[in-house]
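Here the structure is laid out as structure tokens; the discussion comes afterwards.
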């Protein structure tokens, strides 16, 4: 009911609104992704790498001090401990293996905050494949450490100089590259966005998160399933990962946190579900921020990874169907939540992730509720922003 | 034979050469550390935190591409995946628990590269304890991201303005603080240095590394134990950790890698075993770099974490007894090895760690040899240095 | 009076689409793409007039989009500039509201699906048809989706759906598109690429042109992407009914302005 | 001739250590610590002379060390400066080689264990004894280690080992140190702290002085750390045989130079 149907739609969202030039690539992927990724060989190789290379399973950590402070049972799913520092690598490991099986020889990707770019450059180094990362010219400036990491890993970083020079434009450039290199290249998209089958494929690779949560919670808590799963939503991949195995179990509440930027109604925001309307972005029908004319508008958030004018079609459907509760959180509240987690638990979260933690100030939970929050990434890449914000 | 004796000595190295003012603190620790840390309660709590908070066990990863390149079987012990980015946190988790059991209310530590400072600030946040980190004024400048992390974690960072304003002076300052606060304060030293029982205590907390290696190797390789364990040596804690359970098994070769800086004989080096003589530093008798007069000389290495004029007494003994093979590696070779690991395996190591990887260019192994190398930390903190060095 | 004449004209159009009629001409067709509202917001109509005066056979009016992912840098930049100039769907429609009083050659609107969707697909079709537009090229409106959801809207308004094919499009699919394209043309993308990214034609492309020729499709093909001068125009049209020039025209416009149009077109026809 | 006289003097010293003798004096003793080679490299001897001329009872000559971890910032900085000035163990010994021709008050060398170790412990003891030094304070040479390894070296050379005790030192240990200290004194650290970190004395410290007093030790105690003026000197010596001034003296030196010595000392004795 909440997952993708055979036509690639989540309710009325999804599909593959792509130029004819992309059709062969997308068709090839659609026809093969399940066959390959569900095969025993693939699964073995995928899980071996997740274990030995990425460091999975990531812990499910009971946060005693946050739980005390907010009078509920808070568990942190530690994706920040993944190799390269965020959940993004779960997906890139999956896609690079798939690309290999499809005989691809070259990888491209887009990146905003640089986390997906680093995760892609990493798996390309691992597999010895050439790699081109598109990144908005503005993001290249504000995420310098991640640019350096990509270069260390042997990737070519290409500045997207078009449009607003941020994530959406980097995505356009990556799609253009794919159009121009239809045969030997695989495009590793970094979130549950883009034309079908990307949203479903990425969600499946990320679903390892909810599978682990399910198992770990049984071992570690008095409940066999969470009362809530909670995540920030940029494109929506870390959220999809922690929701996945709970999607159809409506006893498990789903909470999605968007970036309100300076405030939902300030004109500087990325709260897509509040500000968006149905439309088409990067090949999929979903909710997106646009003007009356259907021109995509530029979102704003202090965190480069949430600074995206759309959300994945799965999330659009979760919103429209009211399966998920959507909350939006300002820059300031996110920064304070990041500060609080650092000081209370010794974990400095990515600013994207910090948005999810700001929920506890806005919304009450019952003392007995088990709330599992996806700690999607660590804050190393964001130290400059934290330093400036808090005057450290 | 190679481990500490009941008097706190490794062969002729070790002991506790401390001012009378420190005696009560050190005595209290010496009398209690084993009783507490070997207790069932402590072990349960320690291993629970290592699992749920630190992310242990860290993977043992077979490096296919390095193994092919160097024609031997290379396994990487992934301490870079630990929470906070290096092995250092194994020790700080252990010591903070110990400090709690001893009723201490305040924590101090020294730091060079900032990794130990971050690991200490982290566990202090976790336990809600105030924390002061001493750091050389020069290191504060060159390791800005880690300074920001410590501050985010609520630690007070105090600049050591004395002497050469680097790690050794920060250590002096921390010792002075301890002298001035003998009752409520625990000093979490960051390596296997300092007066007995610190070297032994830190080595025991780090020994989780070799214990895991032993178990993982049995599951993952055709051999039940490594032919070599290999690590870089600053103070020597990551090395002690990976050697520990193999110390007495002389079928397992032990290789220690020191920082040669610009070259052992250039006057800008930190290759203590080559350049040092027996002496006393920070309360322990060991090998250290000093002039004829017994004044401690300033070491040099591109990596702030290896930039220490001594080595732990365990390592001095391993050197003197020829149990370990000591190799020294220049800045340039280390940087190249860091580059190579990034490009071949998608892992950007700390520059400290990169020194260990430079061994493969200097020393041949048999094709069938199983060489386990301690990947002690990740390179996020070193991106600036890499960028400048490689002009990225 | 004028209004009645205009309506009659529209009625006539509904009976025989201008594209269909043009495709029956004996010569090779030259079609020009330009971005509405570029270089200046109010240039749209004047460019159309000059193109017709230069004997261009057909024009694609680009409706600028913020995220034109099938286009290369030249068309992207012109779109960004046009949006900055203030172009919008409504503004364009207002500009060309009376266009059929001046322009007789077939006119096609080329854009992206999202602005059309926001306008309302049916309404969009009706309004462009009322203006006198003959067909639409929407690169990111997939053929199958169009077939299922929007074919009727097009047909009710006597609008042609111009479908792209590329070197990677399967023969099977091409034959099916051929069947559905009726009296329009197939937009034959010279290579798998975004606009403006080709430098002349390689043997590979000529082979592809020939291969498509060998299918003996009922629908004429017009080649797009990579045509920029007399040579590439001749190559492209040696196997197809015509060719479209886009990026090269925009580049010329941004260098030489509207006064460069006549010379540019003459050069294509006769170097 | 001179040499013979000097040797005789030494011989005499070996029989009755100057410290032992001085401790028998009826008044409260004032001992001054200074860093050799500071402010200027060659100031060492002149400072000694002026201290004796000002009626100081005893002097601790600081042998500078690169890593003086029991010292606070004042003494650290003076050590760093002295090392920069060129002081070394050998250089100091050369400077004070003939010191007993001028100075009669007891002299103690205060340093850290590593330079002594590098020099050779036995040789170090022999050489300082030959110069006429009466005792050594090595804060990081632990009492038990000294007892086990180096007591003989000291005794052969008629050198006193001056042992520190602090408020945290157990009674048991103090009694044992008392037994071993023979005719020397115990260096009673006023509080657990590095040098120079105290600002006057609190009740806590006075209680501690009293507690030690109540043990009725056979060895006299001299208080160090935190004495800086007449008031603190009086407080300290109300429970002990004497007191040592270090940081306050160095601070004065760095401000006023050698000419400030006499006034500083007079001020301590009589404000």
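Every chain is named by a letter (A, B, C and D) in the order it is written, and numbering of its residues begins at 1.
FYI, a contact is a pair of C-beta atoms (placed from the backbone, for glycine too) under 8 Å apart; a residue touches a chain by one contact, two chains touch by 3 or more.
Quick caveat, the model's predicted, so the values are computed rather than measured.
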Groups of chains joined by contact, in the absence of chain B: A, C | D
Length of the shortest touching-chain route, chain A through to chain D: 2
Reference chain A; chain at largest CA-centroid distance: D
Whole-Å separation of chain centres (CA-atom averages), chain A against chain B: 35
Centre-to-centre distance between chain C and chain B (centres being mean Cα positions), rounded to whole Å: 67
Graph class of chain-chain contacts, one of line, ring, star, complete, other: line
Which chain pairs touch, all of them: A-B, A-C, B-D
Contact footprint of chain C on chain A as seen in their complex: 15-21, 23-24, 162-163, 168-169, 172, 175-176, 179-180, 182-183, 277-283, 290, 292-297
In the complex, chain C residues that touch chain A: 65-73, 76-77, 80, 83, 88-90, 112-119, 139-143, 145, 163-166, 168-169, 189, 192-194, 197
Contacting residues of chain B [partner chain A, same complex]: 51-53, 55, 58-62, 65, 78, 80-83, 85, 121-126, 128, 145, 147-149, 151-154, 220, 339, 342-348, 379-380, 383-384, 386-387, 390, 392
